[in-house]
Structures are given as structure tokens and as C-alpha cells.
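Two complexes are shown next, each including chain A; its partner changes from chain B in the first to chain C in the second.
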Partner chain A sequence: MTLSLILQAIFAGVTNGIVYALVGMGLSAIFKGSRVINAMQGEFAVIGAMTTVLLLTKSGWPYPAAIAGGALAGALVGAFIEVAFVRYMALKNASEDSFLLLTIGLALTLSASVLFFIGRDGHLLPPIGGEGVVLVLDAVIQLHALWLVAIGIGATLALRAFFHRTTVGLSMMAASIDADGAATTGINVGRMRTYTFVLGGLLGALGGILVTPLISVDYTLGLNLTLKGFAAAVLGGLTNPLGAAVGGVTLGLVESLAIIGISSSYKDVVAFSVLIVIMILMPNGILGRAGRRGG
Partner chain B sequence: MSLSKIARFATALAGLTALAVGAQAQTPAAGEPIKIGAIVSATGAGAGLGIPERNGLLLAEKDINAKGGIKGRPIKMIIEDDASNPDTALSKANELIFGQKVVALLGPSLTASTVAVGGVTHANKVPQIAFTGIGPAVERERKCVAHVLPPQRLNAQALLEYAKSIRATKVGVLHDAGYGNVVMAELRPLADKYGVKLVAVEKFEIGATDTTTQAAKVKAAQPEAVFVIATSATPFRNVKQIQITQPVIAAIGSSSYEYVNAMGTAADNIAIPEFVVGEDPLPHQKAFVDLYKQAYNSTPKNYEAAAWDAAHIIASALNKAGADATNEKLCEAMKAPYSGVLANYDFSADDMTGIPIGSFVFSKLVGGKYTRTPFRVSQ
Partner chain C sequence: MASLNLQRNLLWIAVALAVWAALPFLVPRNIADLLVFTGIYTIAGLGIGLLLGHCGIVNLAQATFYGLGAYASAYCTVMMGWPSITGFLVGAVISMALAYVIGRPILRLTGYFLALGTLALSAIASALFFEWDWLTGGTLGIGGIPKLDLLGFVLDRPSRYYFFVWIVAFACMWAAHNLVDSRSGLMLRAMRDSSTAAAALSVDLQSLRTRVFVVCALFGSLAGSLFAHHVSFVSTQSFTVDRSITFLLIPVIGGATSIPGIVVGALFITFLPELLSKLGDVHQILFGLALVAVVVLMPDGLMGAWDRFRARLVARGGSDA
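Our next item is the complex of A and B:
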């Protein structure tokens, strides 16, 4: 095992981990704000990436505008799902499993719609920062991957600041911790729940857009991302979006180091065994109870 | 004399006249159609195979009927979708065989469905031509189930032949946990015979979104060539991303336009042992390719050709045994050599396929387009 191989594995792990983290943070933001386990979080990534691809290739928008359009599409779909389905079901006191079933249904519907309207083909986006690479001790790092990591970290920090510093963020936290209490202080709890879906959609779409220059997006990508994002979110502590960031990077690193350390055949066995051990030792997630404040 | 008998008599006469005038004057078939059942995966995970296969079947149906059908009687292709699910395939097979009373069954697209359906066709001796390579051991006992795609051992052999041709003796492999695993099981014992050392064998799960670390491990083993055995574009992109510069050889599973388009610039210079290069077909494939392009306005590849061949193979068996032949007779009639578009089959062979390694052509992707290389394996 050479140093460059280890470096390559670490970098692949961090890159994948940030993508898992973005999906996981969205999932956890939605869970925190609405107690809905969003099984269609990965579909937000597909919506964001596909919209960007269509705006860029079919409508000829400049790349930055297409990215903004893709992220906005994710946010809008998030808002739509809250307003059209979740709000109504919440009024009827729907249980957590009903919400889970709703989002599973939506995930299948969205995936099928992408297949029907856009087709089976995978689509790529141009890498941010060009096709260039950086060589570190023979390990190849794409410029785009560096951008992905930077933007991912930026989004995580921005999310933290949003929840801690802004009135809307604090209100969202209040509404999620004690809905009745928040309502008595004049916070519109329903609207805050819409915002959490907007935020979830935005983060998911961002993850999808960032990963599409590395792997092509097609209608099947959503489920894979949901599963990894969910593992990331649980690992970090489901009610804490920042925990999902830590969880995502941990998951990515464990996966890729398992490949070089043991064998690619046992990658998932090793990765998920490690996750089980973490969950036994730290049942509240890596950030634990301390993280609850942080979210 | 009933109406249908008159019609049959008339078409038989027409057939005779056509024969007398020569092959140029072909009379379209008429009369009571002969039902042929087909099961493809038009939806679900196998749709990338099933949709091209359906196109191939429909084109073959038109072609066979335009050329006079089976002794003047037209064929009617009844195509069902198994949604890539073996259970669905089984119930569709039962409906086709016992409900529709089809004389033969073509398909399905996936190995699991083929094994499931084979249980019914084998028990009832209904001729079946599967769009898969022979799979689990149980299929070797099913002597009425022919296969129009090569067994995985042959796919493995084709990869090794190409490696030999470029004098690569140290080979790294990147394969998925499904299709890749099956080919890999055949590749390991064969590699020794070819004097090829597998210096790194790395696996990734089906649908993996990233295989960079596995690719890096293959690169670190310093192979002279890399085999990628998968049904997705991801490993190919990763191989190029970490700058593996050695020749990359892809198994036939990733030979479709769908995957190649998703590879983007990473597709360049990948070599693929396959059968039909629509951009530059072999002389005996040209008529099919032209007809396909005319009908669908796109270029056919292996699965379109496999389905086309399957339909023509059953038509030829029907012509030999007669449309009213028993299942057993039709089955026996099928067990013969057949020169198809995809390959030169021999269904009397033990594997009910009989494709020789010489039927492979080797293509290379240049600028996202397939080009046929001059390399062929001599018999």
C-alpha cells in the first residue's frame, strides 16, 4: 500500500462523503423541522441535476444561472410537497409511518417521471473549475472535486450560521423543538415547516448538481443517494443537520479506506460493521446530545 | 372447403408461384397467423436490453411476413413485458403458452427470468430462445432452451484474446457484484491458460456511484491493461479520472449507446469485444443494419440483432418442421447450425448456443463513436 493510494482513497472518501453529507443534511433538516423521514431526499438531487442539465443544454442558459435554476427547482419541489401533501396530512394528524409511505411513493413517482419525460440516458455536467487535475504524490485530484469539497463545507457552515444567527433559522428550530410553544410566541409553525422542506430540497439539489460532473445523473440515482444520505444522517444524529455532515464524511472515509485496507469485496461489510459499532457506542449519533444544540 | 382452408390453399399456391418466379418476387404472407410468444424487460432494470430486443423482434416479424411467412402463413409476435421481474416473466410465460397457445417462446431479457421461464418451457417441451447467455447449471439440462447470446465463459475468453493481441500479460480488473461476478468466475481459471496474471481484481456494488478507490487500487498494481466488467458508465469515468493510461477493455455488458453516452469523454479508446458495430457492419450484417436504420432511424447493436436472429431461427425451424409440428419436432428442428446476424450459432452444441469465439468483433470507441478494429480471433 503506497502513500499515494492512501491519499487517493482519503480524497475519494471525502468527496463522496460531502455528497452523502449534503443529502443527509437535507434529510435531517426536514426530519428536524417536520418529523418526516424523507425517503425522496435523493430525488431532490436528481431534480436539481436534471434541471441544471436541461437549462444548460436545451435552454442554453449560462452555467451559473443553470446551477441556480437547478437549486431553485429543488427548493420549489420541496415547498410544493409540503404545501400539497404534508400540510394536509399533518392537519389530519397523520402518523410518522404515513409520512414515510408518502415520501416513498413520491420517490417512485418522481423517478418514473424522469424516466418518462427525460428518458433512460445518463447526463453529465461540465466540471466546475474545468477538466484540470491536481497531482499530490501521484494521487490525482480533480479540480471539480476540490470545488465540491469547498462548496460542501461552505454550505455546512452557512447552514450552521442560518440556524444560529438568523431569525428565520431560530424560528425554525423553535417550531421543531416545541411547536405549541413556538406558536404562542407568534411563530407561524406551518410556514416554518414549509421552509424546512425548501431547505431540504435546496441541499439535496445542490448535492445532485455538484456530483453530476463526476458521475452521470439518471432516473435511478435518487435511491442510492437517499440510502447513503440516510446512513449519514443517522450516523451523525438524525435531528442534527450538522451531524449529518460529520456522518457523511465518516461514511465516505470508512468506505474508501475499507477498500484499500481490506478488500473491495468486503467494503460494505466493513463499512457497515463500523457504523453498527458507532451506533452501539454512540446511540445518539457521533455528535450526540451536544449536537442537538448545534443543529 | 372452409374459408380458412381456401385461404391456406390460396397462400400455398401463392407461395409456390413465388418459388417458381424466384426469390425476387416475394409475396406477403396471408392466412391464419402462427403465434409466437415473446417476453422482454421493456421496463425496470433490464429495459436497456428489453427495448432494443422488442425493436428487433418487431422488425423481424415484419421481415418474415413480407418474405412469405412460414410456407405462406404469417407469424404473429405476441410481446409481453416482464418488468425485469422473474415472477412476472413466469406468469406471462404461462399465459402465452397455455392461454395464447404460442408455438414457441422468445426471451426473456434477463438471466433470472430465463431460468424461471425455462422451468415451464422445459417441462412442456416448448421451444424457447432466450436473449441471454447460458447461466446457472440447471440450464444445461434444459435441452429445448436455446441461447442467442454467448455464455459468460466466452465473454471472458474474448477479453483475454484481446489482451493477448496487445501483449498484455499483467491485467487489472474492475467489476461489479452482479454481471461482473459471473464473468469473473469464468475469467479466473481461463487467465492462467492465456498466461495472463490478474494483478488486481476489484469489485464494486451494482449501481455504485463512485469506484475511484477501487480504480486507484487497480492503478497501483501497475497492470498493462484493465478489464472493466460492468453494466454502468461509472467505473469507466473513474478510470479516466484517476488517469489510468493503460488500454481499457470493456466486457459486452457496457456496449450500449446508453452507457457509452454516459461515459462522456471517458469513453475514448475503450475496446469492446462484441458482435454488431452498426457504424461499420460486417458484410452479412449490412442488410439487417440498413433495414433497422430505415425503420427506427437509429443504429442497432447487439441486443437488437440477437432478437432479430431469435425470430428468424424459430421461423427457420417452423419452415423445416411445419407450422403444425409438435413441440418436440419443432425443438429438434431448432437444433441445427444457423448463420445469424449476431453470430454463427450451432444449437446442436451442448450449451444450446454454439457461438464460436471467431464470431466476436472488437470495436474501439473514438470520440464517443464505435469503430470496428481489424482484430478477429482466428478459429
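Our next item is the complex of A and C:
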């Protein structure tokens, strides 16, 4: 076990971890804003990545425009789901379980739609920043991975600034903490919930677009990313989107370091076992602030 | 009036029994096959229904126990050449032991965290089923599992196996009904509705939740063994996280607190995809949409919607008179 091998594993872990973090941050933003566990968060990633692939290869858009289009598609689908389903069910005081099942149903529908309209084949996007690699102490790091890390950190900081500095972000926080109080001060609570889903869709789509140069996107990717994103969000305490960022990177590191010690095929076994142990032993998430009780 | 009601209920039960007994002889073989699956899914769904409807626990790990039952049956009969009953017993013992050992710590979690814990369990089990190919045959699976043999009567046709599976299913439904109706059932409901009040009345929440989880695992393993003997081939594809999600849908669609609702949910899960598949590849999208429609329009499941419909009819009849 050489130093460069460990370094390589750490970097791969951070790269994967940031993708989990983006999916998890979206999931956690949606949970914070609407108390809905979004079991189709990974599908936002598939929507974002697939739209980018189609715009790039079928419509011939330039790459940055295609990425913007993919992210926009995620945001629009998020808004549609809130307006079409969640709003109606919230009016009827639906239970938390039925929201979970709604999103499971939507996830099945979306993944079946991708299979039906686009097919079984996986699709890759070209790496952002070109095909080049960087050598750090004999560890080979793709240029794309550096871009991914930079964009991921940028998105996390932007999210933090959004929630703490902007009027809309503060209103969303207020609506999620005390809906009645927020409504009294003139905040449109329903609209804030829509924005929450827009944000969740945007973050999920961004995660999907960033990971697609590394892992090919197909109709099965959604469920896997949902699981990892959910794990990232829970590790971070679920109601704290920035905690989800820490959770995602932790999960990615645990996974990739486990491959050094044990066979790579046990990656998921280790990741999910660690998740169960952390949930039981650290009931408030790794950051230990928000409550652990989920429902 | 009461005796009239009783007579009417008895009549309904007699009609239902007659339909149930005649059904496999009246329908084509592929439908009889689906009815066998409905019975198997009813057994697996019953356990999840108990947890969801009476403890408020979302169990996304049933495919694990279903897989343990199926692999136990496959391994004992094919690899070891033991009689089929050993497969059922080994599967049940391993599943219940695992549910106890894992349930004890995991069931301390609540709400979504518990749901995620069981989901993680299912993901771990599904990966292990895949990796431990010396035991499970991996993706190649284990084939040639013999049909069940009941006192020399080989259950080799769907119409024969149908009766066996459904008698087991009815026994499980009866057991579940007794559990819900018993003192434990009362404690369960108290725990679901207010766990603090229940704890104050000296209900041991931990051991009660664990016990129901163990019962759920037993039903799952039983269903898995029945599945293995029905299809005679098991492989990792049958025990993935997707399957756990499908199992969870059974009580949700039918109505988690109602035992007949589980049968309705199992019918929905087995027949709707089959009916929709006649429309071509689009059927998976339609199944997803049907599920969304049920969740949005019928929050208490199909049985809940039916009860409300009947209540409305009765109310209208009352105002007419």
C-alpha cells in the first residue's frame, strides 16, 4: 500500500463524495423546506445529465449552453412536481409516508420514461476542462475531477450565501422553520415550497451533469444516486443542506478507502454499514446539531 | 337484524370461498401463475403491513428476508439434497435470528432514519447475495429447485400450487389478525399513536417493535421459500432494493391497517403490470403513473377509498329512508 495509492483513493473519494453531496444537498433542501423525503432526487441527476447529453449531441448546442439547459431542466421538473402533486397533497394534509410514496412512484415513472424514450444505453459527456491529467505525488488526477471539486465547493458556498444573505433564501428558511409565523410577515409559504423544489432539482441536475463524464448515465443511475444522496443528507443531519455536503464527502471517502483495505466489490456493503453505525451511534449527524428524529 | 347481518356475512364468505376454490380451474395457466404470485406477495406484504400500519415503521428490507428464504430452500434442496421442509425451516430460523440481531439496534431509530436504515440493510444484503456466489450462485443463480411434494402429491402445476400457497397465506393472515387483535396488538396501536403514553403505561417499546420485525422477517422468508419452489430458479436479480420497494407498495396501495387490503395490494402489484404489458414497452411508465394516482387520490389505499365509498352509499340510503 503506497502513499500514491492512498492519495489516489482519497481523491477519488472526494470526487465521488462531492457528487453525493450535491444530490444530498438538494434532498436536504427539499426536506427542510417541505418535510418531503424526495426519493426521486437521483432522477433529477438523470434528467439533468440526459438533457445535457441530448442538447449536446442531438441539437448541437455548445457545451456550456447544454449544461445550463440540463440544470434548467432539473429545476423545471422540480417546480412541476411541487405545483402538480405536492401542493395538492399538502392541502389535503397527506401523511409523511404518502409523500415518500409519491416520490417513489415518480422515480419509477421517470426511470421507466428514460428507458422507454432514450433506451438502455449509457451516455457519457466530455470532461469539463479537457482530457488532461495532473500528477500529484504519482497519483493521476483527471482535470475534470479538479473542475468537479471546484464547482462543487463553489455551489456549496453559493448555497450557504443564498440561505444567509438573500431575501428569498431567508424567506425560505423562515417558511420552513415556522410556516404560520412566516405567513404573518407576508411570506408566500406555498411559493417558497416551490422554490425549494426548484433548488433541489437544480442541485440534483448539477450533480448528474458533473458525474456523467466519469460514470455513464442510464435509466438505473437514479436509484443509486438517491441512496447515496439520502445517506449523505442523513449523515449531515438531514435538515442542514451544508451538513449534507460534509456527509457526502465523508461517504465518498469511506467508500474509496474501503476499497484499499477490502475488495472493491464490497464498496456498497462498507458504505451502508458505516451509514447504519453512524446513524445509531451519532444520532444527530456528524455535525451533531439538528435533531435526529425523522418523523 | 344482527342475525340477518351474520347470515349475510356468512353468505359472502361462502361465495368468496367458492370463487377462490373454482378460480384456478376457470382461468388460463398464466393467470393461475399470477394468482400464485399474488399469494406469495400477500405473505411478504403482510409483515410489512403489520410494521407500517400498526407500528408506523417503513420497512424497506423485506427483499433481504425473501432472499434468505429463497436461498435457504435452494441451497438445502439442490446443493445438500435435503427434503424441502428443511429449506423452509433453515430460512425461517436464519431470517428471524438476523431480524432479531439487526432489529435490536436499528429499531432504535425513528421515522425516515429507520426507513433509511432498512433500505441500507437491503442494499447490503443485495450486494452480499451477489458476492457470495459459493452460496447463492451469483448472477447465474441456482436452478433445478424441486417442486413441493405433499404426502406424495406433487404440486407441479400452478393450479395445484395455488391451493398450497393460499392456505399458507390464509394461515399467515389469521396469525396476523390474532396478533393485531391481541393484547400485543393493543400495545402496538398505543405505541404507534403515542409512544410516550405507551411507555408510561409500561409497554416495552423496544422488544415489541423487535418482535413485530421478527414476525415480518418470518413472513418474508416463508414467501421467499414458496417463491423458490414455484419458479425453481433463484438468482440475485430477484432480491434487489427494487424488490424491497415493490414489497412496501403492497400494504401502501391496499391500505396498511387492513388485512384484506394486503391481498388487494398484492393483486395490484401482480396483475397491473401484466395487464399493462399488453400495451407494449410503455407499461412501466403507466405503472409508475398508476402508483402516483393511487397515492395522490386515495391516501388510505384502495381499501380506504372503498370504505369511504361504502360509507357515502350508506349515508345516502339513510337520508332516502
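Please note the rule applied: the second predicted complex is superposed on the first by the 271 of 295 C-alpha atoms of A that agree within 3 Å, B and C clash if a C-alpha of one lies under 4 Å from a C-alpha of the other, contacts with A are read in each partner's own complex, and residues count from 1 in each chain.
Here is the rule we go by: a contact is a pair of C-beta atoms (placed from the backbone, for glycine too) under 8 Å apart; a residue touches a chain by one contact, two chains touch by 3 or more.
Every value quoted in this text rests on a predicted model; they were computed, and no experiment measured them.
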Which superposed partner A:265 touches (first chain B, second chain C, both, neither): both
Which of chain B and chain C A:121 touches, first, second, both or neither: first
Touching partner for A:85 - first (chain B), second (chain C), both, neither: second
Chain B versus chain C as contact partner of A:113, first or second or both or neither: second
First (chain B), second (chain C), both or neither touched by A:183: neither
Chain B versus chain C as contact partner of A:105, first or second or both or neither: second
First (chain B), second (chain C), both or neither touched by A:221: first
Which superposed partner A:96 touches (first chain B, second chain C, both, neither): second
First, second, both or neither for A:133, with chain B first and chain C second: first
Chain B and chain C contact sites that coincide on chain A, given as residue numbers: 265, 268
Residue ranges of chain C touching chain A (in the complex, touch as defined): 52, 58, 105-106, 108-117, 119-121, 123-124, 127-128, 130-131, 241-242, 245, 248-249, 252, 281-282, 284-285, 287-289, 291-292, 295-296, 299
Footprint of chain A on chain B - complex, ascending: 47-48, 202-205, 207-210, 212-214, 216-217, 220, 233-234, 237, 241-243, 258-259, 261-262, 264
Contact set on chain A toward chain B in their complex: 1-2, 4-5, 8-9, 12-13, 15-16, 19, 120-124, 133, 139-140, 142, 211, 214-216, 218, 220-221, 224-225, 228, 255-256, 259-260, 264-265, 267-268
In the complex with chain C, residue positions of chain A that touch it: 37, 85, 88-89, 92, 94-98, 100-102, 104-110, 112-113, 115-116, 223, 227, 230-231, 234, 238, 265-266, 268-269, 272-273, 275-276, 279-280, 283, 292-295
